[in-house]
Amino acid sequence: MSNTPSPFRHRRRRNQTPTPPRRRGRTRWLLITPIVGLTLIVLGIVALEAAAPQVDTPDLVVEDLPPLALEPGRSCTRQTDDTTAAEIRAVILPGARVSSTQVFRCPAAYDGLEVSYAGEVVGEVLPRDGGAWAQVNDDIYALRVGPLVGHRELDGFNTGLSVWLPDGLHEQIEEAGRAGRRGDVILIRGTLLRTDPDDGAGLTIRAEELEVVAPSVTIEDPLHVPQLIVAIVLALLATGAIVWSRIVARRF
Amino acid sequence: MSNTPSPFRHRRRRNQTPTPPRRRGRTRWLLITPIVGLTLIVLGIVALEAAAPQVDTPDLVVEDLPPLALEPGRSCTRQTDDTTAAEIRAVILPGARVSSTQVFRCPAAYDGLEVSYAGEVVGEVLPRDGGAWAQVNDDIYALRVGPLVGHRELDGFNTGLSVWLPDGLHEQIEEAGRAGRRGDVILIRGTLLRTDPDDGAGLTIRAEELEVVAPSVTIEDPLHVPQLIVAIVLALLATGAIVWSRIVARRF
Amino acid sequence: MALRPGADDVRLIAFYLGKVLLGLGLVMLVPAVIAVAVQEWNAATAYVIGASLCLLIGAVSDARFATRRPLTWAHGMVIVALAWLIGAVFAAIPMYLSGRFGDPLAALFEAMSGLTTTGMSVINDLDHTPIADDVYRHLLQFAGGQGIVIVVLSLFAAGGSRVATLYVSEARDERILPNFIRTARFIFAVAGTFLVLGTAALFVALLSAGFTPGRALYHAINLFFASFDTGGFSVMQSSMIYYHSFAVEIVVMLLMIAGTLSFGLHFALWRGRPRDVFRHIEARTLAITSTLFFAVVCFGLLRAGTYDTLDGLVRKGLFTLVSAVSSTGHQVNVGETYLTDWGVLAPAAIVGAMAIGGMASSTAGGIKAVRVGIAFKTLLHDVKKILLPESALVVTTYHAGKRRILRDETSRAATTILLLFVVTYLLGAMVGLLYGEFDITQTLFESVSVGSNIGVSIGVVSPEMPRGLMAVYILQMWLGRLEYVAVFALLGYLFSLARGQAKAA
Amino acid sequence: MALRPGADDVRLIAFYLGKVLLGLGLVMLVPAVIAVAVQEWNAATAYVIGASLCLLIGAVSDARFATRRPLTWAHGMVIVALAWLIGAVFAAIPMYLSGRFGDPLAALFEAMSGLTTTGMSVINDLDHTPIADDVYRHLLQFAGGQGIVIVVLSLFAAGGSRVATLYVSEARDERILPNFIRTARFIFAVAGTFLVLGTAALFVALLSAGFTPGRALYHAINLFFASFDTGGFSVMQSSMIYYHSFAVEIVVMLLMIAGTLSFGLHFALWRGRPRDVFRHIEARTLAITSTLFFAVVCFGLLRAGTYDTLDGLVRKGLFTLVSAVSSTGHQVNVGETYLTDWGVLAPAAIVGAMAIGGMASSTAGGIKAVRVGIAFKTLLHDVKKILLPESALVVTTYHAGKRRILRDETSRAATTILLLFVVTYLLGAMVGLLYGEFDITQTLFESVSVGSNIGVSIGVVSPEMPRGLMAVYILQMWLGRLEYVAVFALLGYLFSLARGQAKAA
C-alpha cells in the first residue's frame, strides 16, 4: 500500500515495488465471495418462492354482475380537455354500472350521476353517525381470483371506491376482506360525488340500495413446508454463528 | 455625491451634507421627460393607427364550399392517445372536406385518406419535375375577410397545407396571394400523406382534381393621409435636428 | 481514496456492513414474532429465513473481520453507500417470499422504498396482505428513517467517536451535541416521545373514526411510522382516503411536519428556543416556498374547478402539499386523478414542492430547504457584487443555529448538490419518456417523487411498470437518500479496486 | 453602482441611448426606401415616422448630452440593458402602424423577438404582408444579432476603448483581438463574407426549387438574415415547409451552425486553426450534447412511429434539433404537431437542446454550451475532490482558445447563470400554466424557447395568446439575451435612483 494521494496511479506504478501477491489474492477473494454468496442467496430465495404450494380459486369468480357502462373508458384532463368528459357523461345511462378505473380516468364525467357499482368490502366498515364508510374494491382480487393467498395471479394494485352506506344498508355486510379472506361482495346503486362535501371533497358513492352478491370466503394459505425446513436450518445456523462470534469477541 | 460604496445608504445619510437641490431637480427632470415623452409617442401612434381608413371586404367571402367533415375536431397525442386518432379516422368519409386546423390536431387520423380541401394559393407556385408545390391556406383571410389590407379583422396566424399539384392541374392557377392580393381559391381532391416520402416526410396533400372556386382579387390599400402628413412633419423635424446636432458637434 | 484499497480496507468495510446486517436481522425478528402470534405461518418462516441470513452473515463477519483499525472518512462513505444497497437486498428477501411481488426486482424496489422512506409501493393486493408483512413494511421506514446505519453502529461499535464520521457522510452534517452518543440518544428521545404522543393521538382519532380498539392501535402504530419517518407506506391501498377522518389527517399532518424538522430544530424546540426555529434559514426557506406553493396549488385547483370549497383546498390541496414537502407521500387522492382531475397548474406546484423537499438532518428527502436557501442567498450575493464597485467587500449572512457568514465553499457545495438533484430528476423523467407510455407530466412527477424520496405517485409506479424504469427509480431513491456524495465515494473506491485487481490478474 | 447616480450619469446614459436610436433610425430607413420602390405607400410613411422619431430623439440627445466623460462598467451595463428595451419600443412603432398587430404589446413582442434574434412571431396574416414589413422584420434580426448596440457605438463613439466595456456587459466576454475596433471589424468581415456566400448559395438553391430570380433573391436575403443571425423569422407563415427543398434546408442548416459558432471559433477557423475548434470546451460540449439529443430524438420519433425513414429523421428530426441548438427557430413542422404527432420523448429532447442553446459570443441564445461544459467540469472537479485526501491538490483544466485552469470564480459564474436560466424557464412555464389553457409540455417548451431566444414554437405563442403571458415572454427574451447580469445592474441603478429621488421630493 502506498500513501501517494494521486489519481494517476498508472503513471507512478513503475517506480514502486509491487504489492505482495498474497495480499492481493486475499483482496480478490474478499470481493468475489460476497458476490457469489449474494447470487446464491437470491437464486435460493427465487427457487424457494417458486416451490410454494398453489391453490385453485375458480370458485371465487363473482358472476351475474350487470355489464360495465364503458370498457375500458377514455381518459380526460380537466381544463385542457373538458370535451371528452362531456362526451363520456353523455353516454352513461342512469344506474349503469361503472368501474373504479373508469371513474379515475375521468372523474368529472361521473360527478353527480346515479350509478351502480359492485365490489368487495375490504379492511373494515367504519360506523359513523347515520351510516358507515366502506372501501369497496372492484379489482381482479375482489371479483375474479380472490385474495393473493396461495395463488400467483398477480394483477397489480387494488382499486376501489369509497362508499357511504346509510343506516339500514351497512348492517347487511357480514365481513370485510383482509389477509386470507375475501370480504362480502356487494352491488350498490347510488350517487357518485366527485367532491363529497361530507368527506372533505373526497370522491365517494352515496349508496341508496345494497345487495350482497357473494358472501365472504376464507382461504387457507397452505403451509409451505420446504420454506419451514429452510427456516429451521438457517435459524439454527444463525444461532450457532452468533454464539461463536460472542466467543471470538470475548477473546478479541 | 458620495463615494461610500455601501448599500446601506440611509444609515449614513445623516452624516452627510445634502446634495445641492438644483442638481437633484435636474436629475428628476431628466427621468420624467423620457417617460412622459414615450407615453405621448405611444398614444400618438395608437391614435394614428386607429385613424387608418378602412375597407369593406364582404365580396371576399368564398361561398358554396362543401361542409367540413368535423368541426372543430378533437386533438390526439401520438403514443399516449392513439385511440382518439382511430376514432376520428373512423368517421371521416372518403373525399370529405378537411381543414388544416383539424389535420394538425391529429395528423395520424388523416394519413393516407382521400380528402377534399379548399383554400387560397399564397406566395408562389413552385414548379418542379412533373408538377408544382403550392401552399394553400384555408384561414379566415383566405376564405372570409380577405388579406389584412385596409381592414382590421384580425384572426391570428395563417394556416394551410402543402399541396402537390401534378402537371395539368397547377396550370389552372393564375395568381397566388401576396400583399394586397387574395390569390386563386382552389378546391382540390386528393390523398393526404402525413409523411410524404417525396417531400422529406412532410405533411402534404397529393391533389388529383382541382377546381378554381374563386379567382384572385386585388385590394387597394387606401392611402392613410394623416399618417402621410405626420411622416412629412417628423421627417422635416428629424432632418433639422440632425443638421443642428452636426453644428453643435463641430463646436463641441 | 485514490489509494488502491487493500485486503485490510475490504475487511474493515465488511466488518461494519456485518454490523448493519445484524441490526437488520433484529428488525426482521419483530414481524417474525408477530407472525407467530397471529398464526401467519408462511410469513413467520419467511421472516425467520430473512433474519437468520442477516444474523448469520453479520455474526460471521463480526467474528472474522473484527478490527480496531480506525475508520477513515473514505471508509465511512463507502460503508454508508453499500449499507443502503445491501440492506435493501436483504430486506427484500422476506418480501419476495411473501409471493406478492412479480419478481425480485419489485421486492427490491419495495425494500429500497421503505428503507429510504420513499414510500412508493409496488405490492400486489395490499388490501389482503398479512399483518406481519404490513408491520414489516412500516418498520422498515422507521429503521431507515432513524438511520439504521448510524443506530446500529452507535449501539454495536465500541466507541462512539469513530462512527461519527458515518453520520456526516449520510448528509446529516449538523452535529447538535458535541458527543455523538449523546446526539444519538437525543434523536432516540425525540423519536420515542413522538412515538408515544403520536400513536396515542392517532389511536384516539381512529377510535372516533369508527375503528375497534385493536384495529385502531394497529393502524395507529403503522401510521405513526409512515408519517413521522416521512415514509408514506400505508396499510390499505387507498392510503389516507381509507380513514375518512379530518382528525386523523390533522394528526398525520402534524407528524409529517415534525418529521421534516431537522434534529437541530427539534433540539431548539426541546430546549424552549422557538426563536432559533423562526430565524433558521431552512425554516424560513421552507415557510416561504411552502406558502408560495400553497397559493399556486389553491389558484390552480380553484381555476381548474377541481375544488371550490375550503374543505377541498385544505383536506386535499394542503394535505397533499404537506405530504410532498415533508417527502412523506401519503395520498388523499388516487394517483391517476392528479393527472385527470387536478388541472395543469396544481400538479406542477406539487412537483416543485417535491423537488425542494424538506429539511436536511431529518428523514425528509429532496434537494433540501437549506440548499435552496443557500443557493438563493448565493444568487443575491452575486447580484450584490455586480452592483457594488469591485473594491467593496460583500458579506452575506444566514442563520443556522447561529448567525453564519456565507462562505464560498458552502455556496459551492449547495449549488453542486442542487444541480445534481435537478439533473437526476430530468434524466429520470427522460428515461420514463423512453417507454412512450407516459407523458411528461407523469414521468416528471414520478421521477421527482422517487428522486426526492417522497412517494406521492401519479400512477407510473405500479406492479406492472416497465422493469428498466423500476431499476432507474431504485437507483434514484438510493442516490437521493445519500445525496450523491457517498455514492461518488463508492464509485471512486470501486474504480481504484478494479484497477488494483486488473494488475494483479 | 450603490452611489446615488446624479444628473451627469443620467446624461451620459441618455447620450449613448441616443446613439443607439440613431442607429435604429438608420436601419428603419432601409424598409422605408424599399417601400417607396415597390410603391407600398402606407408602409413607407410608417417607416418614415419610425425612422424620424429615432433620428430626431437621437440627434437631440447627441447635441444636448454630448460628453467626454468616460464610461464606467456600471454605465455600460445600464446602457446595454436599456438599449434593448428602448430599442424594442421604438422598433415596434412601424410594426404597430402596419395594422397587423392587435395591440402595441404584440408589436413590442415582435420587435423584441426580432432584436433578440428569438424569432417567435405574433403577426397576423403574414402571408399577405407587404415586402417592406418583411424586410424590416428580417433586418431587425441582423441589427440585433450583430449587436446593434456595439456596432452603433463603435461607429459613432469617438474612441473605441471606452465602449469596449459595453461589449463585455452583453455577455460576449471573449475578446478575440486586443483592439476593440479591430474585433468589430473582424465580426463584420465574417458576417459580410457569410452574407455574400450564404445568399449566393441560397439563391441557387431557391432557383432550383422553382423560384423566379427576383423572388429567389428576395427570399435568399431574408432567409440569410433569419438563419445566420439565428433569428428564425420567416417570409411565409409555413416557415421552411414552404420551400419543399432539401438543398435549401442544407444551406440553412449550415448557416445556422455558422451562426451559433462563437466569434472566437470563427477566428480560429479563419486563421486556419481547426484544431482549436475541436479542442474548445464549448465545441466539445455542443458536439456531445447534440449527438446525445439527436440519438434521443431519433429514438423517440422511431418509437412513436412519427417517422420511419432516414429522410424523416434528417429533414425533420435533425433540422429541428439544429434549429433548436443554434437557437434559430426555423420550423419544418407546424408547431402544434410537435404536441400531437411527435410522441412524448422527441419534444422533451428538443426542450433540453433548447435550454442549453448555442455558444457564447455568438448570436445564439440559451444557457450556452460553455456554461454547461464548465458546470459539468465543476461537478467532476468536486467529485474528484471527494475521492482524494483533503491534502491533495485537484486541478481541472479546459480548452478555450488555450488550455485554462478551472478557477472557482469561473465555476461559480457559470453555475449561477445556469441556475438563473433554469429558474426563469420554470417560472415562465408556471405562468403559462396559470392560464389553464395549456398543458405542461406546451408551456415548458414555449418558456424555454423564448427564454433561450430560440423561436421554435409548439403553438402557445400566437396573436391571440393571453397578454399577461406575452408580457412575461417579452421579459424572458430580454433577460435571456442579456444573460441577467446587465438587468440586475439596471435594477440596482434604478433602486439607487429611486432612493435619491424619494429624499429630494
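Which chain is which? They are A, B, C and D, in the order written, and residues in each are numbered from 1.
Throughout what follows, a residue touches a chain if its C-beta (ideal position, glycine included) is under 8 Å from a C-beta of that chain, and two chains touch if they have at least 3 such contacts.
None of these values were measured; they are calculated from a predicted model.
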I need the common contact partners of chain B and chain C, sorted by label.
A, D
Report the chain whose CA-based centre is farthest from the CA-based centre of chain C.
B
Check: interface with higher C-beta contact count, B-D vs A-D, is B-D
Taking each chain's centre as the mean of its CA atoms, how far is chain A from chain B in angstrom?
55
Could you grab the centroid distance between chain A and chain C? Build each centroid from C-alpha atoms only and quote it in angstrom.
21
How far is the middle of chain A from the middle of chain D, if each middle is the mean of its Cα atoms, in Å?
52
Contacts with two or more other chains, residues of chain B listed in rising order
5-7, 75, 77, 79-80
Could you tell me which residues belong to chain C and also touch two or more other chains?
2, 303-304, 343-344, 387-389, 392, 436, 438-439
How are the chains arranged in terms of who touches whom: line, ring, star, complete or other?
complete
Which residues of chain A touch chain B in the complex?
74-75, 81, 83-84
Chain B partner, complex, touching residues on chain D are 2-7, 10-11, 14, 25, 40-42, 44-46, 48-49, 51-53, 55-57, 59-60, 62-63, 66, 89, 93, 96-97, 99-100, 102, 104, 124-131, 209-212, 215, 235-238, 241-244, 246, 249, 303-309, 311-312, 314-316, 332-334, 336-337, 339-344, 462-464, 496-497, 499-501, 503-504
Provide the residue numbers of chain D that touch chain C in the complex, in ascending order.
1-2, 77, 296, 299-300, 303-304, 343-345, 348-349, 352, 375, 378-379, 382-383, 386-389, 392, 408, 411-413, 415-416, 418-420, 422, 426, 429-430, 433-434, 436, 438-441, 443-444, 485, 488-489, 492
Hey, which residues of chain C end up touching chain B in the complex?
384, 387-389, 391-392, 436-439
Chain B contacts chain D in the complex at 1-7, 9-10, 13, 19, 21, 23-28, 30-31, 34, 37-38, 41-42, 45-46, 48-49, 52, 75-80, 104-108, 122-128, 132-133, 135, 137, 139, 141, 147-149, 152, 154-160, 162, 177-182, 194-195, 197, 199-203, 221, 223-224, 227-228, 230-232, 234-235, 237-238, 241-242, 244-245, 248-249, 252
